[in-house]
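Could you have a look at this structure, given as C-alpha cells, before my questions?
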Amino acid sequence: MGASRSVIVVLVSRLVAPLIQIFSFYVIFHGHYSPGGGFQGGALLAASILLLRLTCGREESQKNFRSDLGLMLGPLGAMTFLVVGLIMISGGSFLDYQHTPLLRLEPAQMRSFAILIVEVAIGLAVMATLISIFDNLSAPSRKEDSS
Amino acid sequence: MDSIHAHYPYWVVLTLLVIGLWGMLLKGNLMKKVVGMTIFQSAIILFFILSAYKVGGTVPIYDEALGVGDPSLYINPLPHTLMLTAIVVGVAIVGEALALLIVIYRTYGTLEEPVLVERMK
Amino acid sequence: MNPPHLVILIPLIFFSGALLIPLLERWRHGCAYGVAVASAAVGALVTVAGLVEVSSGGTLRYQVSGWAPPIGIELVLDPLSAFLSVMLASVALLVLVHSGSVVRRELPGKAMPLYSTALLLVGALLGITITGDLFNLYVFLEISSLASYALLALGDRKAPVSAFRYLILGTVGASFYLLGLGFVFMTTGSLNMADLKLILSNLESSPPLLVGLVLITTGVGLKMALFPMHGWLPDAYTYASSTATALIAPIGTKIAAYVLIRIFFFVLDPGFASGEIPLTTAIGYLGAAGILWGSILAIAQTDLKRMLAYSSVGQIGYIALGIGLASPMGFIGAILHMVNHAVMKGCLFLVSANFLSRLGHADIRRFNDSTRVHMPWTAAGFTMAALSMIGLPPFAGFFSKWYLILGSVEESNWVFVAVILISSLLSAVYFFRLIERIYLRSPGRDSKYPDEAGGAAAPDGGREEVSASMLAPTLILASALLVLGLLNVWIVNRLIQPMIPAGL
Amino acid sequence: MRVFTYLVVASFVALLVYASLGLPGRGEVDAPLHREESIAGTPVAATFYTRKAFSDAATPNFVTVILADYRGFDTLGETLVVLTAGIACLLILGRAP
C-alpha cells in the first residue's frame, strides 16, 4: 500500500497521531472516573498507528510499529490479564483482586489498583491485535507481490 | 396510546433488526451481507442499551451530590457493560468476515453470489 | 475461599497454551505442535481429575472474582459438565496428536496460528460446558465460533466460501441467542442460571419470556445444525482441511446441543419447555426429520468426508430426538449419544484423514480391497466405527440408540421408534457400501478406476500404513467405542444417573 | 428457498412485535432489571452494582468496576475474542513462508 502523495496529509497525520495517542492514554487511565477504559483506549491507540499506516505507507510506518509486533504484544497483554487473575488464586479465587499478594492496601484500594493493571493489559492486547488484523487485511497477496 | 409511547423505541430497534436480517439473508453481494450483519448486531446492542434507561436517571458514574442511596438516580450499568463485550465481539466478527472476503475475492475475482456459484463449479 | 481451583483451570490451561504459542514460536520455531499437545494433555488430565472429584464429592461451584452468584460469574462443574468436559478434552487431545503430520502436509507454514486457534476453540467449548452464566456462555460461544470459522476456512478452494456462509449463519445464530437472552434478561433481571431457575419457577410466563426462549432455541439450533438449519454444515465440513473437520465435527455441534439441554432441563423447569409452548417436542420432531434427511442424503454421496458430514446432520438428530422426549430415558440417550457420536465421528474423520494422506483421495467409488491390504489398521478402525454408527452391539452406538428407543416406547411415540429403526437401516446401507468395497471388492472388478488407488499409493505392493502418531489416535478412538459399549451399564449408573435433573 | 427466507423474516417480525408489547416500557423505573430484589428474593445484580461498586472498588465509574471486577471473567473472554480474531486473520490470510 503506497503512501499518500499529499504532503499536507502526511504532515497533519504525523502531527495528529501523537495527540491521538496522548488522548488514548487519557482514556485508558481516566477510565476509573469517566467513560473509557482498556478497550476504548486500545482502539484509539490502534487508530493512531493505522492513521500513519494509511498516510505514510506500510513500509514507512514500520518505524512506528513493526507489523510482527502485533501478534506478540496481543498475546502478551492477554497473558498479563490471565496472570494477574491467576496470582489471586493464592488467597482467593481467580480474578479476586482483594487478594493481591505483596500489596498491603485496604481491599477497595487494592481492587482499584488491580483494575487499572487489567485495563492497561486490555489496552495493550486490543491495540496490538487490531493493528495485526489491519496488517493482515491490507497485506498484498502473493500474486500482487510478484506482478 | 400510552402503550405506543412506551414501546415505540422497541419498534425502531425491530426495524433495524429486520433491515439487518434482510441484508444478511437476501442480498446477493457478500459485502452487503457483512453490512447487514453489522446492522443486525448494532440493533441488538441498541436493544440492550434501551433496557438500561430509567426516566430521570443519569450516567452510571458515582456523583457525590447524588450518593448511592437511591439506585434509580443512575441508569442501569449492567447492560452497558454487557454491550461493551458485544461491540468487541461484533468488531472481531467483521474483521474475520473481511479476511474471508479478501480470500474469496482473490480466488474467484467476485463477491456477487450468483457469479460466485457459477465460478465455483 | 473455594479451594478446588480445578474448575477454573480447565479452560485456562487451553487459553494459556493458545497465548503461549505465538510467544514461544518467536523464540523457537516449530514448537506449536508440542505446546498444543502438551496443554491439551494437561487439560485432559485436569478434566479427568474434575470428574473424579465431582463423582465423589458432588457438584463443584466456583465463584470467579469471589462474588456470590447473581453478582459475579459462577462456574459449575456438575456431573453433566464434568462428564462432557472429559469427553471434549480427550477427543481434542487425540485429534491434536493426530494432526501433526496432516498439518505439515496440508497446511505448511500455518502451524502457529492453527494450533493457537485450535486451543482457543477447545478452551472456549470447555468454557461453555462449565459456565453457570448465560452471558458468559455467549462470550465463549463467540470465541468458539470465531475459531471454527477460521479453521474451516482452510482447505481447498471452496473452503473460504463455505466458511463465509457458516460465518453469516453462525452470526445469525449467536445474535438470535443474544437477542433472546435480552428478552429473558429484561423480564427477569438475572443472567445466572441457578438464579434464573429460581426466578422462572416463580414467574408466570409472559410473551417476552416465551419469545426469548424461542429465539434462544433457534439461535442455538442454528449452531447445532438442527434439521432445517443445517445448510451450512455439509459444505463447511467437506471442503475444510482434515484436521479442522476432525476437530470441529465431533465436538462443535455437540456443545450447542449441550447448551439446549442445559437451558431446557436445568435453567427452565423440565416441564416448562414442553408445557407452555411445545419447544422440546418441536425439537424432537425436527431431530427426527433431520435423522431421515441426513441418512438419505448420506447414501447419495460419493465423497467419504461429505457422506460423514451428512451423517453428522442425522446423528445430531438423535440427540435432538432425545431432548424432544424430555424423559429420563431420552436424557440418558441424548447424553450417551453425544459422547458416542463424538468418539465415532472423531474416529471416522481421522480415518478419512488417513485415507487422504496415504491414498490422496477419499472417493468412495475408488476404494477396494487393496486399501485394506495397504492400510489394515486404518481399515479396521473404520470398520469398528462404522459398525458402531450402524448400531451393532457391543459397540457404543448400539446402547445410545437402545436408550432412545426405550424412551420413545415409554412415551409411546411410535414415530420416533420407526425413525430410529429406519435410519439404522439407512446407515447400514451407506456404511456397508464402503465396508464391502474395502473388504470384498478386488481392484480388477472396477473397470472405471483400474487399480489406481492401490497402485499409486504403494508401488512396492507392501503395507503403506500411516505413521504411528496418526494411527494411534485412530485406534484409541476405535477401541474406546468398544470400551464405552462394554462399560455402558457402569457409565449410565455411575455417571449419567446422577446428572438427571430433578423433576424430569 | 427464497419464499422460505421471506417466511422466516415475516415470522421474526410477528414474534418480536408480539413480544415487545409485553416488555417493560421505555425508562420504566421498576422494571425487573432495575429492582432491588428479584421475584424469588435474590438480589438483582444491577442494583447491587450501583449501590456497592463505589465502596467496593473505590472507583466512581460503575461500568469499569463491573467490567474488570464483578464480571472480570467476561472481560477475559472478550480480550480473547479480539485475540482470536487477530490470530484467525493471520490463519486465513497469512502467507506460508
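Labels for the chains are A, B, C and D, by order of writing; each one numbers its residues from 1.
Definition applied: a residue touches a chain if its C-beta (ideal position, glycine included) is under 8 Å from a C-beta of that chain, and two chains touch if they have at least 3 such contacts.
Treat the numbers as computed from the prediction; the structure is a model and nothing was measured.
J.: Of the chain pairs B-D and A-B, which one is connected by the greater count of C-beta contacts?
T.: The comparison resolves to B-D.
J.: Whose Cα centre is nearest the centre of all Cα atoms in view?
T.: Ranked by how close its C-alpha centre lies to the overall one, first comes C.
J.: Could you give the separation in Å between the centres of subunit B and subunit D, each centre being the mean of its C-alpha atoms?
T.: 11
J.: Rounded to the nearest whole Å, what is the centre-to-centre distance of subunit A and subunit D, using the mean of the C-alpha atoms as each centre?
T.: Distance between chain centres: 23 Å.
J.: At what distance in angstrom does the C-alpha mean of subunit C lie from that of subunit B?
T.: 29
J.: Which positions in subunit A touch two or more other chains at once?
T.: Residue numbers touching two or more other chains: 33-35, 39, 71, 74-75, 78, 82, 94-95, 97, 126, 130, 133, 136-137.
J.: Hey, what residues on subunit D touch two or more of the other chains?
T.: 16, 20-21, 23, 31, 33-34, 45-46, 49, 55, 60-61, 63, 67, 69, 71-75, 77-78, 80-90, 92-95
J.: Do you know which subunit B residues sit against two or more other chains?
T.: 17, 21, 25, 51, 61, 79, 82, 84-85, 88-89, 91-93, 95-96, 99-100, 102-103
J.: So in the complex, the part of subunit D that touches subunit C is made up of which residues?
T.: 15-16, 18-24, 31-35, 38-40, 42-46, 48-49, 69-74, 77-78, 80-81, 83-85, 87-92, 94-97
J.: Which part of subunit C faces subunit A closely enough to touch in the complex?
T.: 1-2, 5, 8, 12, 15-16, 19-20, 22-23, 26, 62-66
J.: Could you please specify the touching residues of subunit A with respect to subunit B in the complex?
T.: Interface residues on subunit A, with respect to subunit B: 33-35, 39, 126, 130, 133, 136-137, 141, 143.
J.: Can you check the complex and tell me which residues of subunit D touch subunit B?
T.: 2, 5, 8-9, 12-13, 16-17, 20-21, 23, 25-29, 31, 33-34, 36, 45-47, 49-55, 60-63, 66-67, 71, 74-75, 77-78, 81-82, 84-86, 88-89, 92-93
J.: Mind listing the subunit A positions that touch subunit C in their complex?
T.: Checking each residue of subunit A against subunit C gives 71-72, 74-76, 78-79, 82, 86, 89, 91-99.
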